[in-house]
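You will see subunit A twice below: alongside subunit B first, and alongside subunit C after that.
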Partner chain A sequence: MTNLLVEDSPASSQPTVSGTAKNAIELRGIRKSYGDEVALHELDLDILDGEFFCLLGPSGCGKTTTLNIIGGFVGATAGAVSVAGVNVTKLPPNRRPINTVFQSYALFPHLSVIENVAFGMRMAKVPKPERLKRAQEALDLVGLGTFSDRAVTKLSGGQAQRVAVARALVNKPKVLLLDEPLGALDLKLRKRLQTELSIIQRQVGTTFVFVTHDQEEAMGLADRIAILNGGRIEQIGTPEEIYRRPCSRYVAEFIGESNILGGRKQGEVFHLENGAHVPITANAPEDTTSLVIRPESLRITANGFLDAEIVSRAYLGATTRIVMRLSGSEQLVVSSLSDHALEDHDRTGLEIGQMVSLAWSIKAAHPLVEQLEKKEDPNGKSE
Partner chain B sequence: MAHDMEVVNPRAGLFRVILTAYGVLIYLFLFTPIAVMVLLSFNKSKVVGFPMTGFTLDWYSSLTQNMIIQDALGKSLAVGVSVTVLATVIGTAAAFPLVRAHIKYRSAVRVFITLPIMIPGLLIGVAILVLSTNILHLQPSLPIAVIGQTVLATPFVILVVSSRLESLDRNFERAAADLGAGPVQRFSFVVLPLVYPGIVAAALMAFTLSLDEFVVTNFIIGSDQTLPIYIYSQLKFGITPEVNALASLMLLGTITLVVVTTLGLRLIKMLTAKSRQEEKTGVPA
Partner chain C sequence: MATLETARVPDAGPGPAKPDAKVARRERRNWRQYVGFTPAAIVFGVFFIAPLCLIVVYSFWQTKDYNLVPDFTTKNYATIATTDTYIKTLGKTILMALLATATTLAIAFPFCYWLVRYVPPRLQRVLFLLVILPFWTSYLLRVYAWVAILGDNGAINVLLKNLGLTDSPVRLFLYDTPGVFIVLVYLYFPFAALTLYSSLDRFDWSLLRAGVDLGASPMRSLVTILLPQMKLAMVTAGIFVFIPILGEYVAPEIVGGTNGVLMGNLIANFFAGYLLPLGSAASVLIALVILVLLVLFRKGLDTKDIYGS
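Let's look at the complex of A and B:
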């Protein structure tokens, strides 16, 4: 069951284990415009063989367009698409070694579950006994082994999603595309299927390209994430890189919560706009314009770097979220493990209106260099 | 549950009575003439009208002896089948570009293509007669009648099939392409199985339309007679009980056709489900 996809052609479908990592997908200079409207600007992207890759961004950022260009459902205005080293730019979807899990699943309503799963092999003229056997194995893999004769119209959302995954994976694609496949499901089921997807991905070793607007989902699933904004890639990196070292204000604000303090660097001191100054790492660029500090990096102590007034306080179970106001009007959010917040601060009580002092590990303040034009144009069209 | 409405509207009960009565009246309005016709076809008296003098099947048995009627029935069926095949093929083929091609002024094109439904049959009849006799020098005949009825039936086929096609989620075809299906395979394995109920309904419509078409047919059929033409010719001698019997049989035929088609579609569904079972177990049930 575990080697469903590697039984026939171990060489082509095994994930890269040795150092000869090659790219499953290469996008070069991909542009897409609809009339005057530009959906994608000069996009270059390498997706490694066997990796779980997420395209993340808000609606309209170009993530689905990118996926459709990889799948062959949308033609790029310019640029080239390669899959496993083969240029497929001019090939229609049916001739690309790629399969897709659609957002709406698109299971054929006139076919049973197993006929849906066997459809790709039927098109490839795989003999019937073999395709039924392999379809059954694929259904076993997604935990729906007993559902083969069901009508797809009688499946729940989660079951339909799993059938769609089995239908795509059974063809042993080089790359599996997933277009917000969990978008229609409720939160609990979503979490469970996220876990299942990542287990399946590790079992079969196929390259997954996953589109989502849910940053938590992307962080939880992906080996690497590309964050798209207005038809451009803002940043590519592992979830940790993106969270700890965002390359722009956009990324910092899109992924998790951020406190962004504007100011300018002078030696090892960062002068804030309200006149206060805080320490900054020596290796931060000289033209640093802001510091990104995550809420959980801020600590309330006796004598920290910054004084702030407590504006509100919310107990959220595991964490307690405290909103502070700096002199000036800037607000900071502090998120603290509830147990710690209580332990350290019962004596002071952390009452609203109280003045406290904030500190952080100097390394936890990530420097950003923002272009002036970017501030004026929030869409980032700064060419 | 039905009583919940009474909380909102205390007079809901009264409205329900009125609505029910209105519904019954509409059925009476629609079906009284047909019921009277069927009833009188069993009347013993040679005079068509009430009171009925007794029950008889004579008029039906005399139909079976009437060679002219049997000939007309044969022609009606021949024309009906030809029209059904032609209109279904032409209409289905037309529905695809109408829905899927990038047509400018699509709604105008749609109205235009379905115009024959709005144009009075009389005009179509005269127009085809003029075109065939005066321009093409073809004498009115059965094939011309087939063409005339096809003109009438095709717009209905286009409407029914294109509405079915419009409701077809294009993602099914994208999914099929994704799974390796080329254009021909997408059509035969995905599109056709999903729209064929629409095509069957359209074909049925074309057939019933042809079966009772009189206005256009009368102009262009020449010396041949379909059943409606025959019935009309009989009316010159007054309404006979025989005509009532014939009309009742046509009604029965139409109802049977609808029922058989519906059951047939259901049977196909059942059989495919059954063959799936057999494939699975390897044993015919």
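Let's look at the complex of A and C:
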């Protein structure tokens, strides 16, 4: 939709959202610095009510700091946090309508499973029969209905994670924060719990804010993703928007694999650095500096736009990954052929060292405008 | 619930009947693995259990003309039970031990909490070394140092005099019960601190964050999450402090004067006066108090074992 690079005018960057849909969370001009080190630069973010939102980025990008500021565990240097329309900037975590699933789960070892789940209600002075009933319901929801009397020290990682989710959700928070909750689990279990989390989220309808560094996890779970980089939001959008129309080289490279071809636009032709020219959509900006083409969009044909030499070939089951070097350049590009497409090619042969021709659907080449000067000093990093 | 669990995890408990030969072999191996205890068993047997038995036996004997006579009697216990001073001293000793233990814990816990939670690790080690340091100096030296602090010309009295608050030395602290109390708390603080520190150091502080996240105030989190998990450490620290204080006699001897006498001093006096049976009976009483206490604490802990596997 919109490629929102957060820039110098935070107030005007999201003018329409707050009026139309109800926001579960609004961050306005959030800044966080530790001495000279700036962790977050003027962050503005709206998270819609009931959505599954992911904060995605590598370690040190500011995603956990953002989560901690929403939860109230870290105070922002400047800016305001609203939850469900209420300014909570000055409230401590225990007085915010938010609960958290911690990375280490942080289950209380001196309490049983059900006592853990009922803890929040005990603090809220909910009468014992009611809180036990609700805790049991929450355990049923996460599929641990028969585990109520167990010691939490005797749970497996996946079970502990589900208890942590139940313990947080049972308090009916306006927002549930999840801080890399699947990070400690093995891949297979992680996949299963991702599905479970997504089902639970739809069932309860609570706004989920999920922090992860795993782009695949974010793509699979989120309604919308915010990609953070160096304490700024690089792009916000649905997984599709971000994948198909990355707003920057950073996003294109962080989400999935990309072939990024540099050059300049002239009418409907894009002149590449190696002298070749390829077609470009007419509505691409005049100052387009590069094209992003996903490996699965790159086809190997008889007479395409670009010539390349096959460097390596790897059969991965569902797809085959073919790495090629563009003629007249050192740049490598990657094509990901479906098994089906590979079968056709194998009649003609795709041998290492063979020259091939590359083509793609013109729409599949997403134009990028990279401001090179801006890239040099993007946030005045002291290093 | 419990049956359900064991049914689901069959290999959790000891397995069902196994071939006899295997069991026998395992038992033999089990016996062998205790061989390493032999040196400790000898030391404890000869220097602890045997003397203890001897004391119990002596406590039922009598003395005639300063000589021990093996005639069975319960007179020694009756003497202690009917002599006002002895009963009072025993009561006072238990009370002193309880109060000093409680005070020591009340000082050591916040100290260790603060040390672990707010002091950077490197400084933590330095500060903790300062706590341990007194262990490396002579016990007597440390007690006499308190005489210098609490005495007539000690630091406190000099300060009070210079401030013009008193003309004559205040004798409240030295050669009386309060002085003994202060010195005991000082002497046993490191024991409590060591135990509590190692336990707090292993505590997962993110649990308090979770508590606050779930609506508990920071103070409430401490009480409902940290304290229950420190129960074992508190009891252990308490036992480490309480038991030696019950038997203390050097500190009361030096700083306690006539009013600060504890059971330990009585026992020492009995033995010094060749009243071996009476001293033994008093010792057995102290041991009984400790035994009862240990059993009580063990019961309290077993039901809710915090570190259950």
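The criterion applied here is as follows: the second predicted complex is superposed on the first by the 341 of 383 C-alpha atoms of A that agree within 3 Å, B and C clash if a C-alpha of one lies under 4 Å from a C-alpha of the other, contacts with A are read in each partner's own complex, and residues count from 1 in each chain.
The criterion applied here is as follows: a residue touches a chain if its C-beta (ideal position, glycine included) is under 8 Å from a C-beta of that chain, and two chains touch if they have at least 3 such contacts.
Note that this is a predicted model, so its numbers are computed, not measured.
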Fit or clash between subunit C and subunit B when superposed on subunit A: clash
Touching partner for A:167 - first (subunit B), second (subunit C), both, neither: both
Partner chain(s) touched by A:146 [first = subunit B, second = subunit C, both, neither]: second
Partner chain(s) touched by A:132 [first = subunit B, second = subunit C, both, neither]: first
Partner chain in contact with A:92 - subunit B first, subunit C second, else both or neither: both
First, second, both or neither for A:100, with subunit B first and subunit C second: both
First, second, both or neither for A:73, with subunit B first and subunit C second: both
First, second, both or neither for A:64, with subunit B first and subunit C second: neither
Contacts of A:112 with subunit B and subunit C, given as first, second, both or neither: first
Subunit B and subunit C footprints on subunit A, overlapping residues: 71, 73, 92-95, 98-100, 102, 104, 106-110, 119-120, 122-124, 149, 167-168, 171
Subunit A residues within the subunit B interface of the complex: 71-73, 92-95, 98-100, 102, 104, 106-110, 112, 115, 119-120, 122-124, 132, 148-149, 167-168, 171
Residue ranges of subunit C touching subunit A (in the complex, touch as defined): 1, 4-5, 204, 206-207, 209-218, 220, 224-225, 228-229, 304, 306, 308-309
Subunit A-facing residues of subunit B, complex: 169, 171-172, 174-182, 185, 189-190, 193-194, 276-277, 279-280
Residues of subunit A that touch subunit C when the two form their complex: 71, 73, 92-95, 98-100, 102, 104, 106-110, 119-120, 122-124, 146, 149-151, 153-154, 167-168, 171
